[in-house]
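Every chain is named by a letter (A, B, C and D) in the order it is written, and numbering of its residues begins at 1.
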Amino acid sequence: MSPSLNEYLNQFEGHQKVIATVTEVLGFDATGLMTFIVFFTGAFVVVNVMALVGGLGTYAERKISADIQLRQGPNRVGPYGLLQFLADGVKMIMKEDIFPAQADKTLFNLAPLLALIGVFATLAVVPFSSGLTLANLNVGVFYLIGVSSLVGVAVFLGGYSANSKWSMLGGMRGASQIISYEVPVTISILTIVLISGGMSFGSFVGGQGGFPHEWYIFHNPFTFIGFFVFFVGMLAETNRAPFDLPEAESELVSGYHTEYTGMRFGLFALAEYIEVFVLCGVAAAAFLGGYRVPFNLGDGVVFVEKLGLPPIIGKNIGQVLQLGAFLTKTLFLYYVVIWVRWTFPRIRVDQVMTICWKYLTPLALFNLVGVTIWVFAFDGHSIWDVLGHMLSSGSGGGHH
Amino acid sequence: MISLSSYLFISFTLFIAGIAVMIARKNIIAMMLGIELILNSAALNFAAYSRFVNNNLEGHLMSLFIIVIAAAEAAVGLAIVIRFFQIKETIHIDDAAQLQS
Amino acid sequence: MFENTLFFLSATLTIVGAAGVVFSKNLMHACVLLLGSLFGIAGLYATIGADFLAASQLVIYAGGVVILMLFAVMLTGGSADSSNKFGIEKIPGMGSTKTYVIAGFSVLVISFTILKLMANFMKSYKAGELPAFSSTVEEIGTLLVTDHVLAFEISSILLLGALVGAAVIARPRKG
Amino acid sequence: MTAYTLDVYMPVIILMSLAVGLVLVSVFFAQILRPFKPSSLKEQAYECGEDPVGTAWSNFNVRFYVVSLIFIVFDVEGALMFPVAAIFRKFVAIGEGAVLVGSLLVFISVLVFGIIYCWSKGDLDWVRSFQLSDEQVNQLKGIEEKA
């Protein structure tokens, strides 16, 4: 249904020929080596694109906030200030690296690394398109939940290791907020698992269609609520405003990365921006149809059969369309995340916990029960199928 | 090559490490780290036997329940540690010599 | 080829982490090393085709238990506790060379005895052709609601008990 | 029930090592390029310009623990529910859905009972309100009246 990158490439004759040639030249079976090369190239490209997305994320954040506040935003470095993030990166590398004297130096170094490992490892299962999924694990979304919880540990350790009171408070707040909001997020995803009947992103996206009424968000009323529960939980899990209490400037100076300078701070920020992108991608794949394109244009069969293009070109046009659909949905959600940040005021720390435990979690549990009964009662059909069936049988009854 | 004994060796190492932590440490939280290691070694054994000997998933299920029980154990155990600290201001195991506070 | 890489990476991480838990002086470092060890075990689960188990290990341990441990360390005064030393010398008889010599000797004797006793079993155990990996999620789910449905439901009761009990114990007292 | 090889985990390992590599490379370049002039004032923990008092590694409020406690219970129950949820459609399709609905609802209701208990006992409140006894209320009223 949704093969990994390697399986996708293996269906083309050209790739097989390359493997055969390499095997001949090297004198041993090169399948494993080629698999490694394919995956390494894919991972390298994905990581670089993600770093670019992280960088452009900071730019977009400043530009959009400027737009909302009727300012100009960055406009000096490059056209429209587009290269601002490069200037920021150079600045971060050139900054002096300061270790607080009282800090736990091992953990101080380890915390950004853990955050980055956790975020990069989630990239493996993000379904960019049906061919460009690095690893279509059977336990995809569960694996993603597990690995991304490393970020919580990293936030805690980052706050702990600096031995500064602001950092410590921010770290404790951050860790407890991240783990709290993992509960509604997990339960919301559980409802999607119930409907799609699988835990891999392949089955998530495969169960949806290109048109909005085939998306899981409009599958039934419960998933519609579930999407918003997921989105709010996602904002809190990535420490985005209005849930950015772990780094609240007005109370905690800069939260868990108060004592971080230079590149280490940059790595934390990079991890945060990539995590926002990844979770937006998860929301797009689980609720908004992921990479599905209307009329099944995505699998490229139409281009091959109607336009007479060779399969390799037709299929890749389909892939590009799928990638475009996925990126459109994800970047739209990314825009909404930034928009929310500059629209809502930050909430208080007790409100954070109240929203999570007294509103979102009961709502998510209610959704879970509702979806369970819905799938049981209507055999997994969406509300449109059910309504259509009722209308047709109703009108059919009228005729008789 | 990778066989059952490789996994048994790792699991054995984990078990010994857990026992060593439990014997040698006087800090209750450190001892609980040792308990986690021991439980994990048992879970790893179940899963490894289920792959190499039985070829069914009962072992996986057993490991899953071990993980569940380990989580419950950690929750209750650490709650007791915290309560103990609130009363005695220490988490040294030798100070836990009385039954009532 | 990659199987071996994955296995050796995970095994190294597991054993180094476990050894670190034993030998590290700092409680916080011990917790982080335990996290590494648990990650390694998740990798080992992956090498024996237990994909769901590996993911649960990540979710429950990396996300849950380790954070719980880190919080508990913070709530009991941080890692500045001097009682966390590797105090094997305090146990009677430990720390002297004689003990280690006798221990090594007895380990040899016991392992030879066990090997002799187990020899027949080992001979009869044939490492046959192992089945290919397949997704364990569906089978585990089926087992959970058919053969082991009682364990499934009782584990929820167990967790409820753990939640209530731990909340009662840890709840801050008034006044 | 498709078979797979362990190659599916290759991207995971590659991505993790890329993360390590990125950290090493960036920290290495930063080491070369940046200035390094440590001084005791720079290395102080930031405390709004004052000299730091004591260590930050001290006792924290126990409510952080209670939150993580509730979290871990939900986490584990979620982990147990995931495989059951994944086979739900299949069981409904073969007409055995009622069994699964029953066991899932029992499971969820136990979970709900846990959260109701914690809610009623006030474990979900970040700021706890303490019930004052009648004497204390009267005392407070007396103070008010005097003022």
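Throughout what follows, a contact is a pair of C-beta atoms (placed from the backbone, for glycine too) under 8 Å apart; a residue touches a chain by one contact, two chains touch by 3 or more.
Everything numeric in this text was worked out from a predicted model, so none of it was measured.
S.K.: Suppose you hop from subunit B to any chain it touches, then on again the same way; how many hops at least until you reach subunit C?
M.R.: 1
S.K.: Contact counts by the stated rule: is the higher one at A-C or B-D?
M.R.: A-C
S.K.: List the centre-to-centre spacing of subunit A and subunit C in whole Å, with centres computed as mean CA coordinates.
M.R.: Once rounded, the distance between the two centres reads 30 Å.
S.K.: Using mean CA coordinates as chain centres, what's the gap between subunit A and subunit D in Å?
M.R.: Distance between chain centres: 19 Å.
S.K.: Could you say which residues in subunit C touch two or more other chains, in rising order?
M.R.: Where subunit C meets two or more other chains at a single residue, that happens at 2-3, 47, 52, 56-57, 59-60, 63-65, 67-68, 71-72, 74-77, 135-137, 140, 144, 155, 159, 162-163, 166-167, 170.
S.K.: At least two other chains touched by the same residue of subunit A: list those residues.
M.R.: As it turns out, subunit A has residues touching two or more other chains at 32, 35-36, 137-138, 142, 160, 172, 176, 179, 182, 198-199.
S.K.: Which subunit D residues reach two or more other chains?
M.R.: Where subunit D meets two or more other chains at a single residue, that happens at 4, 7, 9-10, 55, 57, 60, 62, 64-65, 68-73, 75-76, 78-80, 82, 85-87, 90, 100, 111.
S.K.: Are the chains arranged, by touching, as a line, ring, star, complete graph, or other?
M.R.: If you draw each chain as a dot and join those that touch, the picture is no line, ring, star or complete graph.
S.K.: Mind giving me all the chain pairs that touch?
M.R.: Listed by label, chains in contact pair as A-C, A-D, B-C, B-D, C-D.
S.K.: Once bound in the complex, which stretches of subunit D touch subunit C?
M.R.: It comes out as residues 1-7, 9-10, 13, 55, 57-66, 68-73, 75-80, 82-87, 90-91, 99-100, 103, 106-107, 110-111, 113-114, 117-118, 121, 123, 128, 130.
S.K.: Which bits of subunit D are touching subunit B when the two form their complex?
M.R.: 62, 65, 69, 72-73, 75-76, 79-80
S.K.: If you look only at subunit C, which of its residues touch subunit B in the complex?
M.R.: By the definition above, subunit C touches subunit B via 3-4, 7, 11, 14-15, 18-19, 21-22, 27, 30-31, 34, 37-38, 41, 44-45, 47-50, 52-53, 56-57, 60-61, 64-65, 68-69, 71-73, 75-77, 81, 83-88, 90-91, 125, 127, 130-131, 136, 139-140, 143-144, 148, 151, 155, 158-159, 161-163, 165-167, 169-170, 173.
S.K.: Note which residues of subunit B are touching subunit C in the complex, please.
M.R.: Answer in residue numbers: 2-4, 6-7, 10, 13-14, 17-18, 20-21, 23-27, 29-30, 32-34, 36-37, 40, 43-44, 47-48, 50-53, 55, 57-58, 60-61, 63-65, 67-76, 78-83, 85-86, 90-92.
S.K.: Enumerate the contact residues on subunit A facing subunit C in the complex.
M.R.: These residues of subunit A touch subunit C: 32, 35-36, 104, 106-107, 110, 137-139, 142-143, 145-147, 149-150, 152-153, 156-157, 160, 172, 175-176, 179, 182, 198-199.
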